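What follows is a pair of complexes built around chain A, which joins chain B in one and chain C in the other.
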Partner chain A sequence: MIRKKILLLGDFSVGKTSLIRRYIDKTFDDSYLTTIGVKISEKELTIDDVDLKLLIWDVEGATKTKKIPLAYFKGASAAIFVADVSRKDTMSSIANHIETFLEVNPNANYVIAYNKSDLLSKEEEASLILPNNSFLSSAKKDENIEILFEILAKEIVTQYKEKGR
Partner chain B sequence: MKKINTNNSELEQLKKLLLESELKKLEELEKKIDLIKFESYDQDSILSKITPLFDRLLLDSLQAKYSKTTGILSVYVAQIIARSSDHNKEELSKSLQPIISPAIKKEIEDNRDGMVDTFYPIIGNIVSKYVTQAIKELMETINKNIESGLSISKYKRKVKAKISGVSETELLLEESHSTTIYSFLVIQKDTGLLIADAHLDNKKIEDPHMVASMASAMKDFINDWVDNNTSSQEVQILSYGDATLYIESAGSAYIIAFLDDEPDRTLRREINKYFGSLVDAYSSFFSKFDGDDSVDEVKYISQNLYAQLNKLYKVDKKEKKNSNTLKYIFMFITFLLLMYGLNISYKWYRKHQLLEEIYTKTSQKIIINNENNHLTLIGQVDSISKSHKIENIVKRSTKLDIKNNLSISLKNLDNTLKAKDIMINNKIDFTQSQHLKEYKDLKEEISDILNRLKNLEKSNDRFKNIINIRSKIYSKLDDSLKNNICYESKTHSLNSKELNLFTASSSNLKDNKMNLFQDCLERYLDIIVDYKEYVSKIVIEGYSDSSGKLKENIDISSNRAKKIKLFIENMPIVKDNNLNELLRTEAYGSANSIFIDGKEDKNASRRVEVKFKIDSKKILNKLKRIIGD
Partner chain C sequence: MHFKDIFNVVCSHNLYEYFIINRDFKVTAYSVDAFKYCHCDNSENDIFTLIPELIGMEDELQELFLLDKCKPIKIPHIFKEPDNYVNIIIQSVEKNKCDNKEPNSLIILVQNTTEVILAQQKLMQTANENSLLLKEISDKNAQLYLLNEKMEELVEIEIKKNIEKQKLMEHQSRYSQMGEMVEMIIHQWKQPLNSINVITQSISIAQELGKLDDKYINEKTDAILKQTKYMSQIVDIFQGFFKPNKLKRYFNLYDSIESVLKLLQNEYRLIDINLKLDGNRETIVNGYPSEYIQVVLAIVNYVKDNLILNKHDQMSINIYIYELDGKSIVTIEDNAGGIEKNLLDNIFDISTDVKQENGGIGLSIARDMIVNNMGGKIELENIDGGSKFSIIL
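The block that comes next holds the complex of A and B.
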C-alpha cells in the first residue's frame, strides 16, 4: 500500500468540511480543526490494482488574525482547492492559495472544486467559465465529490508506476 | 368732596353689612401672611418643604439618559471617598464593608468568568508564589531526609547527582516512578506519513496513520506558535489526559514515543540514544520515503522498534516488580510496627483498666510494673486483705507471675491485726459450735449406718440359709440316716430294696419288715418337716420285679406306692405337720429292676423309694423378698 498526503484548501465557509464528510472513511473529531486549524481524514482506494491510502488534511482558511502554519503544506502529494460559487471573493482567492501551495510543493497536482453549485441558477451555471482541472461540486447534493479525489488518486498512482515500482 | 361725618359704631356696622365677605378673606390672608412669615424664619419647616422637591429633582436627573448629574456626582463621590480614605480609613472601611462583600458575592454569581479574569493576575501570582515556596520547602525537607538516610542507594544517588548536576531530590522522585512506553511511531516530518510503528500487545493504536498525521500537525502547529513567540526550544512533550507523547525531531523524521506519563531524565536519555541509533541507520531512507510501506526498510525499522519496545517494557516490568517487592517489604514492616504499636497500646489500655478496677474495688492507688515477664505491684495499701485482694484482681487478668511489693503502714497493720484477732476468736467460737453440731449429726448417721449394717448381716444370714437349704437337708439326712440300710446317701432318698417289704405279685407288706422302714421314715420326715415350706412334694415311687406283664407290674407297683403312702399319712409327724398334702405316688413297674451279678434280685426289685423335691420357685421368691428388704 502506498500512502499520500492530500490537502484541502480554501477560504472560510466554502464547504471544505462538508465536502470531505461526503467522501472519507475515518476522521478525527471536528474540534481539532478549530483548535489547530487542521483536521485529518482518511480514505482508502484501489486504483489500477494499487492500494492507496489518502490522508486528507482539511486545512482551515487563514484570516487576518489567524495564520495557518506553512508546515501543514509540506510533503503534500496533491491538493483540492475549494471555492464557494456564490461568493466571488472565495473564487478569486483560489489563485493565492494555489500559489502558496506550489511554492511549498512545486511538483504537486491539484484540482479546484467550485462548491455549492446547488445555489446557482441554470443561467448562472451556464455562464460560469471554469479553468482546467476544475469542477462544479455540491456537497449538499453529493455531486462531483468523488471525482475530485479520484483524479488526484489516479495521478498519484500513475506517478508511482512511472517510478518503476 | 364733602366729608360725611358719622359715628364709629354706625360705620362699623355699615362696613360689616357691606364688606362682610371681603373682611373674612382679609382675615384669612392676614393669618396666611403671619404663617409664611413664621415659616420663612423656621429652617425645619423650610427643609421639610424643600427636601421632597430636591429628592425628586435629583432622581429625575440621575435617571435621565444624558444627565450631567451622574458625571458630576461620580467625580465628587470619588473625591469624597478618596478624602475619607486619607483622613478616616477605618470609618470608611466600616461603612463600605456591609456593601462591598455582598456586592462582590453577587458579581461572582452573575459574572464568574469575568471575576476570574479580573482576579487571576493577582491571585494567580499569589498562588504561584506560595506554591513555589511550598515546593521549595518540600524539596528542602526531602533533601534533609536524604541526608539523614543510610543506604547504599543513597551513596549511589549522591555520586550520580554530583556527576549529572541534577539534585538528589529530582533523582529520588525519578526513582520513585516508573513510566511505560507503549508505542513507537516514526513519522516523516514533511508529509506526516507514518514510516513504521510498534505497539505493546494490549496498547494497539486504532489507526496509527491518522494518529501520525495528527501528531505531526500538532507538532507543526506548536512549533510554529513557539517560533512566533521567540522561543528557540522545540516542543518535545505533549500530554493529554493519561497519555504523553515524547517527540524527538531527527532530521527528516519525527520519532514519537507514546507513554503513560512524562519520561524521567534516564528514560529520555535512553529513548534519545535509541532514536539516535535509528537515525544513524535510516536517515537517508527517512528523507526518501514516499509513502510506500511495502519496501524492506519499513519492515526492518518496524522489527527494530518492536524489539526495543519489548526490551524497555521488560526492564520496566522488572523495575516495577522490584519496586513492588520493596513496597511489600515496606508494607510488611509498617504492618509489624503497627501491630507492635497496637500491642503496646493494648497493654497500656489493659494496665490502665486494671488500675481503675483496683481503685474501684479497693480504693487503693498502686503502680504495676512489667519487668522480665513478671508484674510487680508497688505502693502502700491500707491492709493486708486489700493487698491480697489487689493481688487476686491482678491474677485474674494476667498469666504472668506476680511479685507483690505492696506495703502497709505500721498503724494500719496494728489495726488490721487487732481486727484479725477479733475475727479469729469469733471464728473459733463459731467453728466450735459448728463442729459440735456436725459431731451429733455424724453420730446419728453412724448409728443409723450400724443398724442398717446389722440388718444387712441378718439378711445375709437368711440369704445364706436359703441358698444352702438343699445341702443342709442333705447334710442332716446324711447325719441322721448314716449307715441305715433304707437310706441311699447318693440320692438322699429312702429305698426298701434291702428290706424285702413286699410279697411277690402283690402289695401286701410283710409284717416283720415294716418296723424298720417305719423308723427310717420317721427320721427322714423329721428332718424334712423342718424345711416343709421349701418342699414341693414327697414322692413315693413303687416298683415290681420283672416277672409278669408290664401293666400288671405297673398296677402292682402303684398299689405298693399307695400302700406306703397310706402308711405314711397315718404317721403322727405327718398328721401334726400337714405333710400329707405333699405326698404323691408314682408307679414305675419293673423299670430299674435291681440286678446283682447279672441276675435280678427280685426281692430287691419289689420295693418303694421315698424322695422329696425342693420347690425352687419358693426359694427364689424368698431370696427376692430378702433382697427387697
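The block that comes next holds the complex of A and C.
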C-alpha cells in the first residue's frame, strides 16, 4: 500500500473541515468551529489495482494576520484549495495559497473547490466562470466532494506508476 | 550523563515524549509514555506507522542524517485523538563534528501543547467569528448603499414621469377649459341670439306692413346693440375665469362665486338641479380668483355629473361660505347619494380622477391649485344622502 499526504488549504471558515467530514464520515454539521493547527484523517482507496492510503491534512485556515507554517506543506503529494463562493476575498486569495504551496511542492497536483455552492442562486451559479481543475462543491448538499479526492488520488497513482514513487 | 537520561528527565514532566529512530526509520528507543500519542503499541517500530504525520517527509528525514543539514524540523499543533495537541520536533543526535561522522539516529520529540492551543482556539474562534460578522455587516452596508442609489434613481425617474404627466395634464386641461368656455359662451349666447333673431324678424315684418320708420329702427337697433353688448360681456367674464392670472390678490369669495353661478343657473334649472349660494358675503381671501372659480366650477361640475347619474326629484347643490379660526371655508354639498368608499380617499389622485379622463378641469388639478398654488386644503366627506367638499383657505 502506498501512503500519500494531501492538504486542504484556504482561508478560515471556507468549509475545509466540512469537506473532509463529508468525505470521510458522510456527515455535515452547520456549526462553525475554528480549526487550530492541523487534524489528520486517513482514507484507504484502491485505484487501478493500487492500494492507496490518503493522509488528509485539515490545515487551519489562513487569516490576514496568521500564515500557515510551511512545515505542514512538506512532503505533500497533492492539495485541495478551498474557497467560499459567497466570500469573494476567499476566492481571490486562492492564487496566493497555490503559489506558496507550489514553492514547497513544485510537482504536486491540486484541484480547487469553490465550496458552499448551496448559497448561490441559479443565476449566480450560471454566471460563475471557474478555472481549470475547479469544482463547485457543497459539503452541505454533498455535491462534488468525492470527485475532488478521486481526481487527486488517480493522479497520485498515475505518477506512482510512472515514477515508481 | 547520556542524552537518553537527559530526555527521560525532561519527559518525566509528562509534557514531552520521544522516539529515537535509525536510518531505516525504525524506532530504537523511546520514552515510557511515548506510545500514548500513537494508534499502535510498542510492537510496531516503523515510525511512519507510529506517527503517520511524517508520511511524505522521507526525503526531509534523510537529509537530517547529513552532516551539514542539522536544522531541526518542527511540525506545530498537530491534533492527536482524542483531545491532544502536540508539536513534533525532529533533530539528529549522536552527531560528532570532531570525528566528522554523520549522525546515525534522529530523535523525534513530541511536545504536548494542548493547554496553550485550547486557549488559542477560543481566541481564534472569537476573532474569526467577529471577522465573519464584520464582513457580513460590510456586505450588508454595501447592499444597502446600492439599494439606496437604485432607489434614488427610481425616485428621480418617477419624479420626471410625474412632471411630464403633470405637464400633459395641464396641457389637456387648457384644451378642456377652452372647450368648456366655448360651451358656456354658446349656452349664454343662445338667448341674446334668439332675441336678435326675433328683432330682425320684427324689422322685416314692420317693413312689409309699411310701419318701418326712424323711431322703430332706432328702438330695434338699440335692442340689438344691448344684446350684442351682453354677449360681449359674457365673453369677457368667461375669459376672466379661464385666463391664467399669476397675480395673487384679495378678492370677495361670495361675489366671485355668485358671478359664475349666475351664468350656470339657466343650464342647471333646465336639468332640474337647484343651485344655491349662501353664507358670509364679506369673506375676503388672498389668492388667485380665476383659479379659485375654476376649482369651484370643477367641483360643481363633478357633483352635477353625480346627480345626473343618481337622478331624483329634489336634486340640489348648496354652496355655503363661512369663516372659522381665521380661515375661509367654502362647502359644496349635494344629495347625489355620496361617493363610493374606495374612491373617497383617493378621488383627488391623478389615477382616479375620472373627470380628467373625460375632459374638463379634473379634481386633481383643482386640489393642486388650492394646495400648491394657494397653500390651502381641499377635503371631501360623505354626509347624509350625499357628499360634502370643503375648500379651506
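By definition in this document, the second predicted complex is superposed on the first by the 147 of 165 C-alpha atoms of A that agree within 3 Å, B and C clash if a C-alpha of one lies under 4 Å from a C-alpha of the other, contacts with A are read in each partner's own complex, and residues count from 1 in each chain.
Note that contacts are C-beta pairs under 8 Å (C-beta built on N, C-alpha and C of every residue); 3 or more make two chains touch, one makes a residue touch a chain.
Keep in mind that what you see is a predicted model, and the values were worked out from it rather than measured.
> Mind checking chain B and chain C on superposed chain A, clash or fit?
Clash - chain B and chain C, as placed by superposing on chain A, overlap.
> Just checking: does A:A76 make contact with chain B only, chain C only, both, or neither of them? Give me first, second, both or neither.
Both chain B and chain C are touched by A:A76.
> Of the two partner chains, chain B (first) and chain C (second), which one does A:Y160 touch, if any: first, second, both, or neither?
The answer is first: A:Y160 touches chain B but not chain C.
> Classify the contacts of A:V14 with the two partner chains as first (chain B alone), second (chain C alone), both, or neither.
neither
> Can A:L55 be said to touch chain B (first), chain C (second), both, or neither?
both
> According to the stated criteria, A:V38 is in contact with first (chain B), second (chain C), both, or neither; which is it?
both
> Considering only touches as defined above, state whether A:R87 meets chain B (first), chain C (second), both or neither.
second
> Pick one for A:A113: touches chain B only (first), chain C only (second), both, or neither.
neither
> Classify the contacts of A:K4 with the two partner chains as first (chain B alone), second (chain C alone), both, or neither.
both
> Once the two structures are fitted together, what part of chain A is touched by chain B and by chain C alike?
3-5, 32, 36-38, 40, 42, 55, 69, 71-72, 74-77
> What residues on chain C touch chain A, complex-wise?
48, 52-53, 55-60, 73-79, 85, 117, 120-121, 124-125, 127-129, 131-132, 135
> Can you check the complex and tell me which residues of chain B touch chain A?
Touching chain A from chain B are residues 188-194, 207, 209-210, 213-214, 217-218, 220-221, 223-224, 290-294.
> For a test of understanding, state which residues of chain A touch chain B in their complex under the given definition.
It is residues 1-5, 26, 28, 32, 36-38, 40-42, 53, 55, 57, 69-72, 74-77, 160, 165 of chain A that touch chain B.
> Could you please specify the touching residues of chain A with respect to chain C in the complex?
It comes out as residues 3-5, 12-13, 32-34, 36-40, 42, 55, 60-61, 63, 66, 69, 71-72, 74-77, 87, 89.
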